[in-house]
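There are two complexes below, and they share subunit A, which is joined by subunit B in the first and by subunit C in the second.
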Partner chain A sequence: MRDNVTAAPVVDRLALAMRASHVLVAIFVVAGLVFATVGVAMKDTFFLRLATEALIFAGLALSVDILLGYSGLLSLGQALYFGLGAYVAAVVLKEIPSFWVAMGAALVASLVVSILAGLIANRVRGVYFALVTFGLAQVAAKAVYNTRALGASDGMIGVPIVPIDLGVATVMSNSPAGFFLFTLAFIVVLYAISAYLLDTPFGRVLLAIRANERRVPSLGYSTRNARLAAYVLAAVVAALSGALYPMLRGFVSPELLFFTTSGNAVITVVTGGVGTLAGALYGSVILTVLKSVIGSMTEHHLIVIGLLFMVTVIFLPKGLMGFIRPSIERLIGGGSR
Partner chain B sequence: MLRKTVVLTSLLATAAFTGPAIAADPIKIGVVTPLSGTYTGIGQQVRWGLELATKEVNAAGGIMGRQIELIFEDEEANPAVAVQKAEKLFEVQKVDFLTGTVNSGSTLAVGQTAERAGKLIATTVSFADSITGDKCSPNVFRVNARAGQQSTALAAWVVKQKPKAKVYFLGPDYEMGRSTVSTFKKTVEGLGAVSAGEVFAPLDSKDYTQYFGQLRQAKPEVLYTSVAGNDTVRLLTQMQDFGLLGNMLVVGASGTVTSQNITAVGAAANGFGTGVGYSTQIDSPENKKFVDAFKAANKADPDLYGADSYGLIYFYKAAVEKAKSTATDKVRDAMRGLDWMTPQGKKTMRAGDHQAVQPMYVVRVNDGQFKIVGNVSGEEAVGADICTRF
Partner chain C sequence: MTDVFEYIQFVLAPQMITGLALGVAVVLVAIGLTIIFGLLDVINMAHGEFYAVGAYVALALGTSGVSFWLLLIIVPLIMIPIGYIVERGLIQRVFNMPDRHVTTLLLTFGLGLVVEEALKVVFGPNTQRPATPIPGAIEVMGIILPTYRLFLIAVGFAIVAAVAIVVNKTRLGALVRAAAFDRNMAASLGVPVSLVFAGTFAFGVALAGLAGVLLAPIYSVFPTMGRDFVFLAFTVVIVGGMGSISGAVVAGLLITQVQAISSLIVSPVWSDPIVFSIMVLVLVVRPQGLFGRLGHA
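Let's turn to the complex of A and B:
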């Protein structure tokens, strides 16, 4: 890797890694298109919708990776924002069945909540940050669980099927292939925005914070603002992904805010590769498919998934993408020579 | 790549198994039920009940000459998982009918999935009144008694014991605790009882004695509580220590005293009464036969979930035989107003809201055992049909 850097001094190691992630996401998109074609040809519904759900949870994992992979902060409560987006979208859609109004509401709600929560959570770091985020999500989950207006423990059903007006075409949220392709595009856009922002000096400050937070102010950067910005960005990504959930499944339930949801996102990122962004996408698809397939074969599926996770952590400590990406870097690094 | 391979093989496998249905094909019933997690115990009863009835029906020649095949999926008591599994059973396995959901959130969400897929489901466990009330669906049936039936049965029995009783209410302070109390309060007040006051204690309270002062001052003849689990153990034993149980009738929700905590409550549970839709002690030949067969097959007593799940297979069998088809619309029409036999006796599926009407029982604890002390007819307990969607 060092050879590449000296051979092409204009491309630094981080920019190269990011370009490798782009290549991986491009492969992901192509695989997705092939899958959609096969799905349509076979008149499939279930697998297309399962893949759509995997993509929605990939957005949540992406949000965890923005925090864990860049600023080095482990959030055990990202489900708070995923659930917030889902509930806001569900409530709005039941009143005004408009996709863009629902997404706008989820965006505004997540901005407001994440700035307030971010001011609290970013006062601490390390294990304390993990605990504060966990606590905030638990409080929100309990509050929703006991609020009758939000359906309490039963959740809310009856979220209508909405048309998504894209200007050139309209996609119905119950069309298996149409909504799958839309979600694929949407998650890739979230990825692209995140990747762009994290490739700017702002991203470098975050990486510096991960390396040594105390030295960053001595270089003239505010750690507080950078950390808050990363927190808000992650929250928005999670909330916008969550907002798609009720459109796909037609309901929301408090389980979306529970720790299992947050924990699954962390497992997804660790399996896919921390700090690669692309890993969140691959990780989510792999985990969702594994759960669905193994879950149908044995009721002890949680043991199987747990063992697979341990094997991954021991033998691929950088995750699947952390293992594959260096070869892509060598490939494209060599090409630019 | 792994994803594509897995998906493709599954797709191919699916295509291979979904040829045109011929008469000898089995009738497939999907079961989405918790096989892991908190509700595993309930899922186990559901499974045992369904399997026992399926074995009996298949041995007797099946439904219209077709064998029943049960396909189980674990829903982890999470609606998000339940919906995904239900969709798999509908779209990939092409099941004819679906059942098994336990928590009400899962039943509502899966019911909506079924409605959008044009299939039918039934729950044998979920209590929430809304399922056959304001959130009713033309594609959802309930063969078990809902919360309202249990509380109506209990209220009717309470006012028979103590006419114009002064009732005090003590519930756990969360949404479900408050809603069970408010339902029972409304029902019992409608029958002439008077409220002597109410108090809500936090979940997992260690000390209930702080509420005993106001309880004593209100001088109630009846105490209704909907606490559960270890909270029941503490509440009832502390009341016993303070001598409050002596001349008060203590009644509660069906989950307040259960086989899980009855030993820990001990003598303090004596006299506790509740309304239920099933008891192993129901004295009928159908029930005796069911209990014996269930014990022989599973080395355990059936509970209401096992009994209701067992009855469901016979419900579906009767409906399909009446409809002479497994098509959604025909089976739905056949199910409406259908009478069928269960271990609890004859049940009737009310056409207006898809709620089963069945006799209800009041049971009381006597030396660590529930004994049937009263029963209320199905029509009396079922309550009004408030479903307006169909």
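Let's turn to the complex of A and C:
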């Protein structure tokens, strides 16, 4: 079937869009490398660490986009998995200072929790899904906030600096440029895995669910399994990104689980462009830059962010990528013929 | 035996009445939310901020000498044009985009952010507390009850009853229900649907503002007051059934009683998780909520 599609003169629109996203991510990586070089040359710490944080939150936004952009389900509680990853990593690192053990624990924890929560959340759709995910995250946030063993409202401090053994090289989590580059690579790998999975027939089933959920079963596909798989994938992406947070900052706090975190991720995705995956990365950087620039002028930067967000929703519903990606598509689409 | 009676008299009963006062307040906010959803199919994430705006307007006017009783009329009148403009100027812009639920939810979420931050700019981040308009307490069967809370319960029930009568028994309510059931059919029969939409949204916003006036003396006024409160209201709306007025009333009173009584048994900090667990359970068992939607009898 696929051969027929490629042999036909018409280019597969979705595949082309995905290739355009790859190009945009490649540009993103190049920009990141340039930024790191400049940062190292200027012996900078602050901006490198800020950029690393932007990348970590890009992972959370990526997770929101997997759900919103593909199966069309808005999660208002993705911070649940981000916070889960962060807390699991922090607890593990304080006991066993090993990067891979912490990441493995975050992966397992997010798999278990997301399969259970996914069974609940996927019983409903639309607005109800948004509110169930919100409710689940709120329960988790309040539970952590009131649990003394997890530091309650203060969070947990004193997460040790860990070496990240990559086989060929070892990166220390407190090295600004090293950890920035590692995070960049890590988020791009998360992007690549997500993009690969969403480009398979599984991804097409999700898009079909988004378009018309009732018709999908009549074509022989199970919507339940596909939705659960998307939910679990999104949860894992969020948790693995979150697990990097305590390594960067040395602490975790219950704010990571709060609605503000989930809401910011949604703002990021909408600004960057829903359903593009690359938009999540760009959106996170844009939002971080905006916050620090406007934040340096006024402490009420949320007014500006909120207004820009509203303007985006009204006038640019496809976000920044919806604005840029079509021209990239024309560029590479023209080149391949 | 006397222990049990004393427990009921001095612990359980006051707790339940405090819970009832909160319940009535939540119902006021939740009814606005549920009517807006039932009619317009819009999740108004900024609803809590309208509640906060109502409280702040009341605070500002109250300190400049306007009496509390006048505020109960003035504040809703101020909120109506605000709601009307928001519906006309913002909601309608995205109303016909694909995926209305998500788009309007995002838009009102952004609006909520802006309003909350604007309140911080104008009134400062600190908590303020207006004086209680009716001070004192009444003793009923040995239970001492603050008069204002009893007043709140009475007024709250009166408002809810008035709303229910308007929606279910009047011609105006029939127009609203008709537009909620089938807006195209209603429009072709001469119902001014766009006016009904904007008017209903403004009405819901006014109810939220009124709740703000009524609750400010008990729960204080602070910029994030809406965000904290609207979560509870959303839970009520979901449990009761989105778009159902009777559902909002039943669920609102039920949930606040569960909260009040459970906080006697376990630490009050766990009341939020308990409430959200109820919401999640209801959604799993009965996703459409306990009652049906507005206009869909």
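Methods note: the second predicted complex is superposed on the first by the 326 of 337 C-alpha atoms of A that agree within 3 Å, B and C clash if a C-alpha of one lies under 4 Å from a C-alpha of the other, contacts with A are read in each partner's own complex, and residues count from 1 in each chain.
Please note the rule applied: a residue touches a chain if its C-beta (ideal position, glycine included) is under 8 Å from a C-beta of that chain, and two chains touch if they have at least 3 such contacts.
Computed from a predicted structure; not experimentally measured.
**Student:** Overlaying on subunit A: subunit B and subunit C, fit or clash?
**Tutor:** clash
**Student:** Return first, second, both or neither, reflecting whether A:112 touches subunit B, subunit C, both chains, or no partner chain.
**Tutor:** Neither subunit B nor subunit C is touched by A:112.
**Student:** Touching A:166, do we find subunit B (first), subunit C (second), both, or neither?
**Tutor:** Neither partner.
**Student:** Using the superposition on chain A described above, determine whether A:193 touches subunit B (first), subunit C (second), both, or neither.
**Tutor:** Neither subunit B nor subunit C is touched by A:193.
**Student:** Per the contact definition in the header, classify A:34: touching subunit B only (first), subunit C only (second), both, or neither.
**Tutor:** After superposing on A, A:34 lies in contact with subunit B but is clear of subunit C.
**Student:** Contact-wise, after the overlay, does A:302 reach subunit B, subunit C, both or neither (first, second, both, neither)?
**Tutor:** In the superposition, A:302 touches subunit B and subunit C alike.
**Student:** So, does A:286 touch the first partner subunit B, the second partner subunit C, both, or neither?
**Tutor:** first
**Student:** Using the superposition on chain A described above, determine whether A:143 touches subunit B (first), subunit C (second), both, or neither.
**Tutor:** Second partner only, subunit C.
**Student:** Given the superposition on chain A, at which of 76-84, 112-120 or 202-210 does subunit B overlap subunit C?
**Tutor:** 202-210
**Student:** Show me the subunit A residues, by the header's touch rule, that subunit B contacts in one structure and subunit C contacts in the other.
**Tutor:** Shared contact residues on subunit A (touching subunit B in one complex, subunit C in the other): 145-146, 300, 302.
**Student:** List the residues on subunit A that touch subunit B in their complex, please.
**Tutor:** Its residues touching subunit B are 31, 34-35, 38-39, 42, 44-47, 49-51, 53, 145-148, 152-155, 157-158, 174, 249-251, 253-256, 260, 285-286, 289, 292-293, 295-296, 299-302.
**Student:** Spell out the residues on subunit B that touch subunit A in their complex, using ranges where they run on.
**Tutor:** Residue list for subunit B touching subunit A: 1-4, 6-8, 10-11, 15, 35-36, 72-74, 78-80, 83-85, 87-88, 90-92, 103-105, 108-109, 111-113, 116, 128, 130, 135, 174-176, 179.
**Student:** Using the touch definition from the top, list the residues of subunit C that touch subunit A in their complex.
**Tutor:** For this pair, the touching residues of subunit C are 43, 90, 93-94, 97, 99, 101-103, 105-107, 109-114, 116-118, 120-121, 227, 231, 234-235, 238, 242, 267, 269-270, 272-273, 276-277, 279-280, 283-284, 287.
**Student:** Quick check on the complex: what are the subunit A residues that touch subunit C?
**Tutor:** Going by the criterion above, the answer is residues 68, 72, 74, 120, 123-124, 126-128, 130-132, 134-136, 138-139, 142-143, 145-146, 259, 263, 266-267, 270, 300, 302-303, 305-307, 309-310, 313-314, 317.
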